[in-house]
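Some structures to go through are shown next.
Consider the two complexes below, in which subunit A is the common component and subunit B and subunit C are the respective partners.
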Partner chain A sequence: MKVICDRGALVESLTLVSGVVVSRTPKPVLTCVKLSAKDDALTLTATDTEVSIHLSTPRVEVSEAGEALIPADKLQQIVRESTDPTLTIATKDDQTQIVGQDSRFKLLGYPAGDFPDAPTFPDDADFEVSAADLHRLIAMTIFATARENSRYAINGVLLERHNKDLTVVATDGHRLAQAKGKCKSLQDADRSAIIPTKALNLLLRLFDDAEQTVKVKVNDSQVLFATDTAVLASNLVEGNFPPYKDVIPKDGDKKATIPTDIFISAVRRAGLLTNEESKGVRMSFSDGGLVITSRAPEMGEAEIKVALPEYTGDAIDVGFNPAYLLDALKVVDENQVHLDMKAGNKPGVLRTGPNFLYVVMPVNLQ
Partner chain B sequence: MPIRQLPTLVINQIAAGEVIERPASVVKELVENALDAGATDIDIAIEEGGAKLIRVSDDGIGIPEDELALAVAPHATSKITSADELEAIGTLGFRGEALASIASVSRLRITSRPTREDGTAEHAGVLEVDGGEVRGPSPGASRPGTVIEVRDLFFNTPARRKFMRSAGSEFGHINDCVQKIAMVNPDCGVTLTHNGRKVQDLPRNQTRRDRCVALMGKDIADALLEFERTDDPSRGSARVWGLAGMPSLGRATTKFQHVCVNGRPVKDRNLQHAIKEAYRGLMPPDRFPQLVAFIDLDPAQVDVNVHPQKSEVRFRNPSYLHGLVLTALRQRLLGADLTPAAHVRSPMSNARNEGGTALAAPPNIEHRTSDIHTASDFVDYFRRMDPTQKGFVYQEVKKQLKEEAPGAVSAEDDAFEQELLNRQAAASTSHPPPTTTHQSILQVHDSYVVTQDEHGLVIIDQHALHERVMFEKLRARILDDRETLESQRLLVPEVVRADAARQAAMEDLQPLLARLGIEASPIGPGEVAVHAFPSLLFSRNVKVGPFMEELLDKADGGAFDKIELGDAPGGTDAQLPEEAALHEVLDMMSCKAAIKAGDKMSEQELASLLEQRDAIERSSNCPHGRPTTLRLTLKDLERQFGRS
Partner chain C sequence: MDQFFAAIAVLDDPSLRGKPVLVGGGGPRGVLSTASYEARQYGCRSAMPTAVALRLCPHAVLVKVPGARIRELSGKLFDILETVSPRVQPLSCDEAFIDATGSQRLLGPPEQIARSIKQQVRDELRLTASIGVAPNKFLAKLASDLEKPDGLTIVPRNTQDDPDAVARFLAPLPVGRMWGVGPSTEARLAGQKLRTFGDLQRCSIDQLRRATGGREHAEHLHRLCRGLDDRPVHGPREAKSVGHEQTFREDLNDPAHVRAVMLGQSEDVARRLRRKGHRARGVTVKIRFGDFQTITRSAVLDAPTDLTAELYRAATALFDKWADRQFRPVRLIGVSASPLTDAADEQPTLFPDPQREKQRQIEQALDTIKDRFGNRAAHRGQLPDKTQHRTYDPRNGYG
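For the complex of A and B:
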């Protein structure tokens, strides 16, 4: 294999791909990135056996097609530190030479055949969605995933498709975020999948061009996302997602409308006087407005007043973890949020229009 | 068989069965008699564990020759005259049984030279009793005082003799008994020899503290905390004084606890419980502190006439004394720096042994001062003792520190200085005294924290200390401020398996769980649902399921059952069972939530952990009683590096 690459394009591609590469693994080939030169394009492939990425870049000149398997971190460091506009990468057996104007690196790699086969995108995509929409759906929910949980498969995001409707749900047992969007259906079958958080974080970086269209395919054990130049494949999280529709309350009769910016600022300030053991802030809603108070033992107290444009229902006191509220308020893309509540020990529902909904469980305050 | 009156000898032998159980009982009775006779020096000589000879010589008032025969008669005593005096007994003996009992089971010889009221001595008299058969009295020769020799104990009661243990074991009991008595009589000199070898040599007119230290072992003197408390007369005018061993001196039995009431060594479960309670959380539950406690109270408040050997007493108001001892000890322990010293074998002493001086000295000669035989041993001993070890540097540092930090608790043994420091510390509570300054902190193997304080090098078990810190915080919040812990409700309840017994145990625990912020209810056979869980545990990544399972297992296993208080009900202890159960659960919570060994900590985290160590009480031990901190003192280091 011999290719002359645009260094800038190579840095960009390597940065995206190396997000998959694991640094500590008993299988050394997994610390590598695979280079494949063919048809005037260089494709970079990396996998951790759970998630894999193919990314091809046309900004190369292929003088000899072929493959190479090179340690990802060294390749990335060399390419990043070099100053030449182009670099020549040539492979002979398991050795790879990277040559610049005044430099020559020789890297010991592995036989390209040792690399696990990364799945390729099939011809029959389930649906298409704009990268911008996909981005929004993921960003509005991914923060609510659990890091680990034994009982339900909630360390990932649930993706459900019904005809043209996409629903994305994430929860960690304390709160639940749900975002809705539209897609272009290519196949009739309704599918749902729980996608691991790592894959989604990579996806957010990989498909950051809002103009792109992403094709999606879900099969029994994998989900694949593809654009013209990139494919991301991920194993699914096995197990059941909790029955999320049941935990979304619909009987909240105390309804507040709060300007988003003011709410963020107030919650953030009240949250200053909370600590590890005393995380909750008390929110007192009434016709007169909202009063947020917090108290941290051995530290102090805070009280923030918020005027409410709209409030219906009886007065209510409820405690929430400010971090949970802020997580959702940060991704909200509207000027106002609606908060529906029922009682001090019942969940609150934060919503903006029909496309975003967030259930947050209260904390029992002292 | 017709009924008949038993001969006196048999009556005495039966009584001897109660009073004279083993050689140690003889020693106890004889030494107490000597003390009641006003002795200022008592020599005790034992041969073959007391089986062959027990000789107690005193310099007391003596017994006139014409009273000698009466002394060995049953129910004859000079100590009381009427039943009224039983109400307030001032002497150790009073039953008039001891000598008669001893005489009936041994060959007894009393030689006594009494002192007249004008101070001159009468002539001496000798009385011999051989298994109850009295010979004498006849004139004899002796220095002023009384010598009682008991030979061939139990020679005429073979059953008793058979039950005697080895000489070493019996002598051990004698030694314990002599120690107990010597401890409460520091004015009286006591020597004890076994087979001609001197075992105890206690000079007369020692202070109470010196006497106790001499008996408990000089090597632990630095680790004894003096405590004292006098209640005002309105509450009962009792006074307790004692020396409390640091938790690191814990022993596997209560044998090293000496409780004395009005100068009488006693065993009392109630007071033992008070001691145990004061050390709660400072020691593992199967360890017991080394301690002496002297309680002085109005003799009318205590009944000593409940046990033939007088080792048990009965108090008019047991829970009051329980409270007194508990408060006195607890206050002392809370104010003290309980960090144990790290034990490091001295390479220097080994090096010197091997270093060609050709000495066949036993390796631990430091502790065996009486075993120095040869001149070269002596020289070597002093060399290793390092007479100059209290060197210039250390003294200077110490002095400086005392000037700078009057509140720092010193582990020195000067009681007055200690008292002064304590008072200064107490006086300046408005602005806390400058405590330990940690100049550099190092985390070792992500498990231990090493730093320094004014005494030397400090090694901390990060998990144990953090556990204690969390525990104290939670305890203060829940017990002192009566607050409940904040809890986070769950979107979907966490289901935990729990059989009927565990469900029942959980129902009993409900009030406790509510205060801890855990909301759980049974949702069917074999399962409980957890609806809310403390925020604190969530933020420390404690899993709901395993935690609840362990909690219920413990509850089912009886870990939180109310703890019986022995014979000290009511009074100050009313809230104790609840406190004990909470202690258990909080202990579990803090253990789960604390930093684990192997967790990397940032510099700020380390600094804040050490800061909290200074701020909380009982920081020397984790709630299970294991130590959190070890100290290698400058003195140790200097010795180790041979910089003396």
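For the complex of A and C:
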């Protein structure tokens, strides 16, 4: 294999694929990136056996087709530290040379055939969605995922498709985020899949060009996303997603409308006087507006007043973890949010329009 | 308390009376927790390797005092102390500061209160205590050590007629008695011919600074040699973590065996959490090897827990992650839970788990059985049967 690469483009591509590469593994080939040169394109492949990325890097000139398997971190360091506009990468057997104007590196690699097969995107995609929409759906939910699976598979985001409707849901058991969007259906089958958080974080970085269209394929054990230049494949999280529809309250009869920016500022300020022992802020809603109070033992207290454009229902006192509220408020893209509540010990629901909904459990107030 | 653990051993086995008694772990790695006064004459000290102590005093009797027995007597001791004042600050299981300022109208002058505590300890525990009565914590602790065993030392008070009473009381004492003065400071002070509290009282702060090298240290000595200390007595501190660890007689080279020990530890930790109404938000596993290298691995739990199974799962996940790659024989293993939250503060969940509630009920039932019939009355089937291990019988020594 021999290719001449634009160094800047290669740095960018390597940064993206190396997000998959694991640094500590009993299998040394997994610390590598595979380079495949063919038909005037250089494709980088990395996998941790759960998630894999193929990415073709632009602005290359292939003078000899072939493959190489070399340690990702070293290749990345060499390419990043270089100041040359272009670098030549040439492979002979398991050795790869990276040659610049004043430099020549020889890296010991592995036979390219030792690398696990990374799935390629099939011809029959299920649906297409714009990268911008996909981004929005993921960003509005991913923060609510659990770090680990419990008895439910919640260390990931649930993706459901029904015809042209996409619903994305994430929960850690204390709050639940749901975002909706549209797709272009290519196959009729309704599908649902739980996609690991790691894969989605990579996806957010990989498909950051809002103009792109992303093809999606879900099969029994995998989900694949593809654009013209990249394929991201991931194993699905095994197990059952909790019955989330059952816990979205529909009976909240105390309804507040709150300006988003003012709400963020108020919650953040009230959160200053909370600590590990008193995580919650107390929210007192009434016709007169919202008063948020907090208290940290041995530190002090805070009180923030928020005028409400709209409030219906009886007055209510409810405690929320400010971090949970802020997580959702940060991704909201509208000027106002609606908060529906039933009682101080019942979950509240935050909404913006028909496409975003966030259920949050209250905390005990002593 | 005087030689608390050794005294318990003698109490439970009167034939040990008058003999040098060592309490602590046996085997090549055991360490003494207490040496009786008879054994101390041979140079045996707490925290000394048992093997060394036995070399100093070969005819000493080595015993182990069951933790349950220590907890029982310690609990009774603190029950007595708490009748004196609500402000009891434990220093260890057998040592505490008591702020009796507000108790005098009810219980009489301090000396009378101290005598009454000693009498109750003798009547109810059949053990002796040494008490120091003083205007502050530093002096009280110092005084309690002066006339052990069964001592009662009253530090005089400074009055208008005698403003130097405390200083005069302290003057003849060696500087080594001072809190914060260890062997190296003691040697450095001795180099300046400063051997007693009285010697220090005659020094200015600057002189002390030259003698010790540090301004802060000098100020500390300057105050303490006059008996000045204004730290308040505060109640028992909230536990920040709950943990159990165990050193093995021989390094364990079977991961399955280590896991079995961790199950017992998780059970103990979870039980203590439940007893205090705490939940763990994280779990730490501590692993020490034969060469004393120690590693710890921690994880944050998604949901705070006080359940054995959940603690054990998190602890073994950490252990396995390490052991799968680089297991080597383990000298010590420990499981601890931290940080802690109150069960009442727990964030309610959207998806309550009926199984988990059932599990909690089972574990609470086990707690009740153990509280009533002892730790060995019930345990998980996977645990190695502890009754096969050597046990201490009050009448026959080791089984």
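Note that in this section the second predicted complex is superposed on the first by the 365 of 366 C-alpha atoms of A that agree within 3 Å, B and C clash if a C-alpha of one lies under 4 Å from a C-alpha of the other, contacts with A are read in each partner's own complex, and residues count from 1 in each chain.
To be clear about the criterion, a contact is a pair of C-beta atoms (placed from the backbone, for glycine too) under 8 Å apart; a residue touches a chain by one contact, two chains touch by 3 or more.
Keep in mind the model is a prediction, meaning the values are calculated, not measured.
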For the three-chain model obtained by superposing on subunit A, do subunit B and subunit C clash or fit? clash
Applying the touch criterion given at the start, work out whether A:P26 contacts subunit B, subunit C, both or neither, answering first, second, both or neither. second
For A:P297, using the defined touch cut-off, is the partner it touches subunit B, subunit C, both, or neither? Pick first, second, both or neither. first
Applying the document's definition of touch, where does A:P347 land relative to subunit B and subunit C: first, second, both, or neither? both
Looking at A:P242, would you say it contacts subunit B, subunit C, both, or neither? Reply first, second, both or neither. both
If you stack the two complexes on chain A, which partner ends up touching A:K279: first (subunit B), second (subunit C), both, or neither? both
For A:T171, is the partner it touches subunit B (first), subunit C (second), both, or none of the two (neither)? both
Does the superposition put A:P362 against subunit B (first), subunit C (second), both, or neither? both
Once chain A of both complexes is superposed, is A:A146 in touch with subunit B (first), subunit C (second), both, or neither? second
Which parts of subunit A are touched by subunit B and by subunit C alike? 150-152, 171, 173-176, 242-243, 247, 276-279, 321, 345, 347, 359, 361-364, 366
Touch list for subunit A against partner subunit B, complex: 150-152, 171, 173-176, 242-243, 247, 276-280, 297, 319, 321, 345, 347, 359, 361-366
Please name which positions on subunit B make contact with subunit A in the complex. 473-474, 477, 483-492, 494-495, 517, 519, 532, 534-536, 538-540, 543, 545
Using the touch definition up top, name the residues of subunit C that touch subunit A in the complex. 300, 302-303, 325, 339, 341-342, 344-351, 353, 355
Show me the residue ranges of subunit A that touch subunit C in the complex, using the header's touch definition. 26, 146-148, 150-152, 171-176, 242-243, 247, 276-279, 321, 345, 347, 359, 361-364, 366
